[in-house]
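Chain nomenclature is as follows: A, B, C, D and E, assigned in order of appearance, with residue numbering initiated at 1 for each chain independently.
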Amino acid sequence: MAEVRVKELVKVYGRQLAVRGIDLDIPDGAFVVLVGPSGCGKSTTLRMIAGLETISHGDLLIGGKRANDLPSRDRGVAMVFQTYALYPHLTVRDNLAFSLKLAKVDPADIERRIDSAIAALELQPYLDRRPSELSGGQRQRVAMGRAIVREPDVFLFDEPLSNLDAKLRNQMRVEIKKLQHRLGVTTIYVTHDQIEAMTLADIIVVMKDGEIAQKGTPLELFENPDSVFVASFIGTPQMNFFDGVIERDGDTFFFVGADMRIPLDEGRFQGGLQPGQPVVGGLRPEDIIPEGHGMQPSDGISVTAEITLTELLGNESLLFARRGETEFVARMQQPRMVADGERMTFHIAGARLHLFDAETELSLRAAR
Amino acid sequence: MAEVRVKELVKVYGRQLAVRGIDLDIPDGAFVVLVGPSGCGKSTTLRMIAGLETISHGDLLIGGKRANDLPSRDRGVAMVFQTYALYPHLTVRDNLAFSLKLAKVDPADIERRIDSAIAALELQPYLDRRPSELSGGQRQRVAMGRAIVREPDVFLFDEPLSNLDAKLRNQMRVEIKKLQHRLGVTTIYVTHDQIEAMTLADIIVVMKDGEIAQKGTPLELFENPDSVFVASFIGTPQMNFFDGVIERDGDTFFFVGADMRIPLDEGRFQGGLQPGQPVVGGLRPEDIIPEGHGMQPSDGISVTAEITLTELLGNESLLFARRGETEFVARMQQPRMVADGERMTFHIAGARLHLFDAETELSLRAAR
Amino acid sequence: MDQMARDEELLNRIGLDRIRQNDRTRRRRRLRLGLVFMSPALALVGVFLLLPVLFNVWLSLTKWRKFKGFGEWAGVSNYERMAGNPFFSEALINTAIWVGASIVFPILLGLGLAMYFRNLRGAETFKNIIFIPRILAPTAVGVLWFYVYAPAGLLNRLLSVVSGQEVSVSWLYSDATVTPAIIATFVWQTVGLVMVLLLLGLAALPRDPIEAAHIDGASPWQIFRHITLPLLTPTLLMVTILSVLAGFTVFDLLWVMGASYPGQRSLALAVFMYFEAFQKGNWAFGSAVAVVIGIVVLGVTWIQTFLQTRVDRMTR
Amino acid sequence: MAFDINTLDLDRIARREAARHRGSRLKLVAAIAFSLLWIVPFYFLAITIFKSSTEYSLNPPLSLPQGIAPFLDNVAQAWALGNMGQSMMNSAFYGSVGAALAVFFAAMAAFAIARLDIPFKNGWFMLIFAGTVFPFQMYLIPLFFGYQKLSLLNTHLGMLLFYTAICIPFPTLVLRNFMSGLSREMDEAARMDGASEFTVFFRIVLPNTLGPMTAVFLLQFTWIWNDMLFSTVLGNRLETRSIMNALLVFQGSYSSSGPNVVLTAALLASIPSILLFLLLRKHFMQGLQVNQS
Amino acid sequence: EEVQLFHDKGFWSPHLQEVAKAAEEATGIKIVETPYANAEQYKAFIQASIASGETPNMFTWWTGATFDELVSSGQIAPLDGLWEEMLTEGGYGASSRELFTVDGTAYGVPLVLARWVVLYNKPLYEKLGLSEPTTWDELMANADAIKAAGETPFLATVHEGWRGFIWFQELLLRLHPEAYNGLNDGSVAYDSPEVRDVFKTWVDMYAKGYFSDPRSTEEFNDFARGAGAMYLIGEWAYGLVIDAGVPADDIGVFILPNATDAPNAVIVEGAPLVVSVDGAEDEATMKALRFWVSAEGANAWGAASGNYIGNDKAEAPNRIVAEVNADIAATSAKAYLRWWEAVPAELQGELVAEMNRFMLDPTMETAEQVMETMQTLNAAYWDEQ
């Protein structure tokens, strides 16, 4: 159990910067998820913490101790890899015991630790199999078991679920979460799947180009994205974006764009609203409500649009609609069959409109 | 353009039955999706239609003509493979032109067809590249283009999206759907992903062990699954199942199980309800409604349960709850933060309860 | 642009030089560790393989005095001697024939066999039969075929039976037949390997493009011609190179089978070199011939790498 | 359902499918014919070793032997005159020890090149691999004189050292390719589990490389066993002579014993490699497969 | 004490081991014979050893030009003292010393002293009523008679690549003895009229069907099978043909007669056993050598291998040697060095290959080509000297 602090972490490959100064403060027992598009430096950051890459610059403190120059094994970290990285020639039991044997742990103690890991992960039936005789999900469990038996202070996960199929992924996600709750070990988890990030994290760290784009709880990020990048990254289907400008009419500010004129609540935009300022407006699909399928929002406007395509998901549908030049996606609860070409009325929850500066793509919500 | 009829289709490998008598009637222009777990015979069925496997027994009619013994090229079918199966040594243009050249199509005509496919799929910039120089999504497009240029009567797709990442998959899904709408070609599409099936199909054919488990429109399958298998296969997260028995109290039948007693609308179960009959009750997560988060159903009961885990998805949350021995998942709209261990009240939409015979696992909804 | 400027600023602030210095130290440590693992291989290869090659080049530039040893500098005179030696040019031509034949026959035959056996059920036994000669030592193969080709040997007897009259061809004794005869043996011995390699290559081909071509309307021959063959090119190239190198350096077969052929020394460069050095004691001259063989082989290897990368780029 | 799967006549279907493969029966016949052509020399070998010298010279080469009795005689003659016992022992020694050492050293080098992230990886590899890009002819003369100078000529040690050396480059290529294919994360996991580089090599990478190591070992063993050129140059004395050298000498000096005896000797000399191939065919083929990459 | 004996005569290994056994019994010195696989390797080994100053103590060599070269290395011990003893005490003749002498000093003792003779099929001779020829014409007449009886008169093959010179040297010696030595010192060309005459005769003999199939790989067996009635070869072949199954009593021997009235002649093959300068200092080595040349040693060697080393105090190793000895004594035949040893080593292989080529296609056309090639090589060699 330990808190992890990272100060101005930088990784340089040649002259290329892969990580551009990351600051993180992870309290003991927290579950932090690093998320971001491919190549944004998530793995590199994690591997620097693991001791698999040297730290070019900055400080890493684990449990208050500077760990920059410690070898991996002395950092008290255990890692679960994307490919599981099991030892193919060893049985499940030996995979679990490997690190303990190297550390010359007392055999009885090894036994005990393995038993408890096995119990937690329900690996009992596979103990004498080799990794090749296990299914993907079982391998994943063994990889976790190998991390658990070391009783580390920090768990590191690098996309541990991305090699599983959708069903298993959902299931293992729940198991990882439960396990971490039970063990209470500080955990750093890397993924590029925003759903995983949303569902698992206490704190999400969204990365972009080797830097932190935003960090916060899942709800904070979902409700208040700091930038177009974060807004589009979190949530599926993606937020709808509309180009537009701010207009002022008396005391009221309006977002005008895509043939819509949506009144704004100035208080929400502490960055200050400038009439004439070009902005990007963002609306999540669930904030565009097909008439009759959900509560009509108290503020906002109504628009009609033509449906181009419907995606039925059973309990809900996604409606792809076009209105003039503008296309958007809306979410329909308690779905009914919708014919392509049908014209429908949508209520737009204006209070939930996100605004971003058109140039910097940063949110107008808060001054930054 | 052609309708496809399949009668008693059987495939035998050695003495092993891979497909056990499939009957299908696909009207001209329909989009049929074969879906089912791995090994259920989807690909084999498709490949028999394509002419890549011999038909052991049964009839295949394409456009009314018996096609059992026609070579692939004379069946008027085009296929998109999971691995795209592009010709690695040919440029994109040559990949597209290959079949046309073999068919000795007039060069001007080849030009024209390729141009229109390229325009439809936005492949212009890649014409002179080889497949190895394309991204996954681009390759997928070329594979589709290769099918389109042949102007076939029937499109066959074998898991065409399963090698793409989540984001691309969603996007290509929409594109395939649009394309099929525009071209109006009869399409048979194989996948094991129920979301793809739901969103794409006019008719879904759910297969199990070489047989058809159920076929129908996506909504039919979602609303009225014929069996536990189909019910659990369609919809995510999966339907909650509860073991129980039928009880009768005066005129009213009840489902009793998992500490619940849910009144039933006898009219919905034409299979006939027998008091004392052991059954499996099924409830989708959206039919278990957390108090204050959605409309309270008109009929049904309320239960309280302890939350064990929450998965936040932004616009909604999944609540994992336990009530005595029973665990279930509920869907929470307009989510709020829920602490683990919190006790919550759920309204159960009894009218939407599915009942299955405990032994045959078939729905009691309809007599079969 | 903006990003680059910010990176520049960041690098300046944290000191790129220091980072570089650390990286260099680390690399040096890695290298030291690597050398520990590589040293046995490096030592053996260096002393027993690379040093001799250098030594050989040096020898080829000296003069050998009987019972006295090497040492006298001779410049390129050994190479000049080659030009005037009729047996050398004959050996050179023969080697070229060898190499040509060892490409054409094993590959054509091997490809044919591979395509033939590819989908044939129960072909394992045949494949093994055709492969087994490859396991045998060339020396043993040479001894066996020596008797096959003997004047009263198997081949002549078979031909006699077939033609109904006494056949007594001097397969291994006449200029016209000795090379074809040994090449036939070489093909007999090596085609199995070529076939197996091509079968492996065929098996590794993706099935899907072939099925796609099937649906696209290609006939089996068109599939072979337009899909299989182009996809097999890397394997074919590799097999070609293996055959060329084998053809260049073949010695055992020639030595054993050509033992009684009067022109033995000119059967191929490899034999010529052995003759000059070990039989006639022209050590320095022999070294020079070896260098020539080396240069040709290196040239071929270089062409291979060149083509390989190009073909790979085309088909991958 | 109207259609009952159980009424299907599986046998009829099987017959129909078989009929589609009828063509392949014809192909089978052609294949048999072709492989017969391939076998004739073996057949010739097989019958010749059962003939006595007089029998051989009096009868057509393809006639069946009158009995199998002369075989033992031929073996005895070849064995004794050819000094085959000792030279087989020698070859077995060079082959097994030389190939084993070579493969092990190659594995070490491959580990450093493929998995240790050392500078100039390719340079080191090329340096080792350069050992086989030159034709053997270039080694002969310098080795011969060098060995003479170092008194390694005609010694078991000298033969072993050379065979070990020449068998290193190819396995290095194969094992390097194989090892670079192994999951890098496996090593990293082991390092995080507290393993030193040596532990990673011996306990993680080596056990996972046994398959290709066996395969290249077999290839190298047969190479050494089958080599004639180097053993005639470097190990000519009776005590150090290799089996192929012995066979060559035998053919040269005793060919007057007749083809039956010489061919018996050739067969004896080939038996180990044929046996190895037949018993470990899978590994051989694997060796060829890795050969390709 | 051990003494190593290096040699390239693998086929004599078992026989040499017998001698070694006898030597150990007689002197306590253990001779370890170390055979080399082939002559090329062996020559290379000795050359390299001498070049690096590590000459083996005792080894075999060849007489003739290569012997002179060997001696010129300065590493070979003169054995005049030993010869002194051998001539006075032993049964050696001065003529055999000649073979091992360079500039008047003897540097070797005989490992073998073999005369080149014709082994013939006695029963056939008797059947046809022939007698051993004493003139060339008689020889030809015998051949005709044998040919007429449906048999082949002479055995000759190119097997193993070195045999081509056998008939060449004999024909030259018998037809043009004056040119024999000149050929080997460069003074007679290989396309001289004498050589051309030899080839003419040879072509003629082939045309008449006198020779067996040159491609045979089993000369000894061929003799046993009666594939040729007369077998021109070193007398050491006697044992080998017996091994091949010829009854010892069926073998007769004669020395090929001259076609001219030149003095009688016989071709002699002498293989020397030499000792290095260091070896001469080594007592054991010298003891072993002394044993070798002693009557006891010669007897052991003769009994084991049938080889003769010129020691007449020893028993003749076999009937054939005895008969040849008697013949030579009777005709006082002059010894000529075998062509193989007499010709410069560099030319040996290439010239004999040409002769083989001729034997495989014995026409005058080939002969012309062969002569031309041989002379080109010969001239080039002598030009370089």
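FYI, contacts are C-beta pairs under 8 Å (C-beta built on N, C-alpha and C of every residue); 3 or more make two chains touch, one makes a residue touch a chain.
These figures come from a predicted structure and were not determined experimentally.
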Chains touching both subunit A and subunit D, listed by label: B, C
Touching subunit C and also subunit D, the following chains: A, B, E
Centroid-based (C-alpha) most distant chain relative to subunit B: E
Most contacted chain pair (by C-beta pair count): C-D
Computed distance of Cα centres, subunit E from subunit B, in Å: 94
Between subunit A and subunit B, centroid-to-centroid distance (C-alpha), Å: 27
Rounded Å distance between subunit C and subunit E, as computed from the means of their C-alpha atoms: 42
Inter-chain centre distance, subunit B versus subunit D - centres from mean C-alpha coordinates, in Å: 53
Residues of subunit D engaged with two or more neighbouring chains: 145, 233, 248, 252, 259
Residue list for subunit C, restricted to those that touch at least two other chains: 146, 150, 259, 277-278
Where subunit A touches two or more other chains, by residue: none
Full enumeration of touching chain pairs: A-B, A-C, A-D, B-C, B-D, C-D, C-E, D-E
List of subunit C residues in touch with subunit A within their complex: 3, 6-7, 10-11, 14-16, 19, 22-23, 26
Residue ranges of subunit B in contact with subunit C within the complex: 50-52, 72-73, 77-79, 81, 83-89, 98-99, 102-103, 130, 132, 146, 150
Subunit B-facing residues of subunit C, complex: 206, 208-209, 211-218, 222, 226-227, 230-231, 233, 313-316
Of all residues in subunit C, those that touch subunit D in their complex: 27, 30-31, 33-38, 40-42, 44-53, 55-56, 59, 70, 113, 116-117, 119-123, 125-126, 128-130, 132-133, 135-140, 143-148, 150, 152-154, 157-158, 188, 193, 196-197, 200-201, 204, 235, 238, 245, 248-249, 251-252, 255-256, 259, 269-270, 273-274, 277-278, 283, 286-287, 289-291, 293-294, 297-298, 301
Parts of subunit B lying in touch with subunit D, wherever the complex brings them together: 8, 10, 12, 14-15, 17, 20-21, 23, 54, 56-57
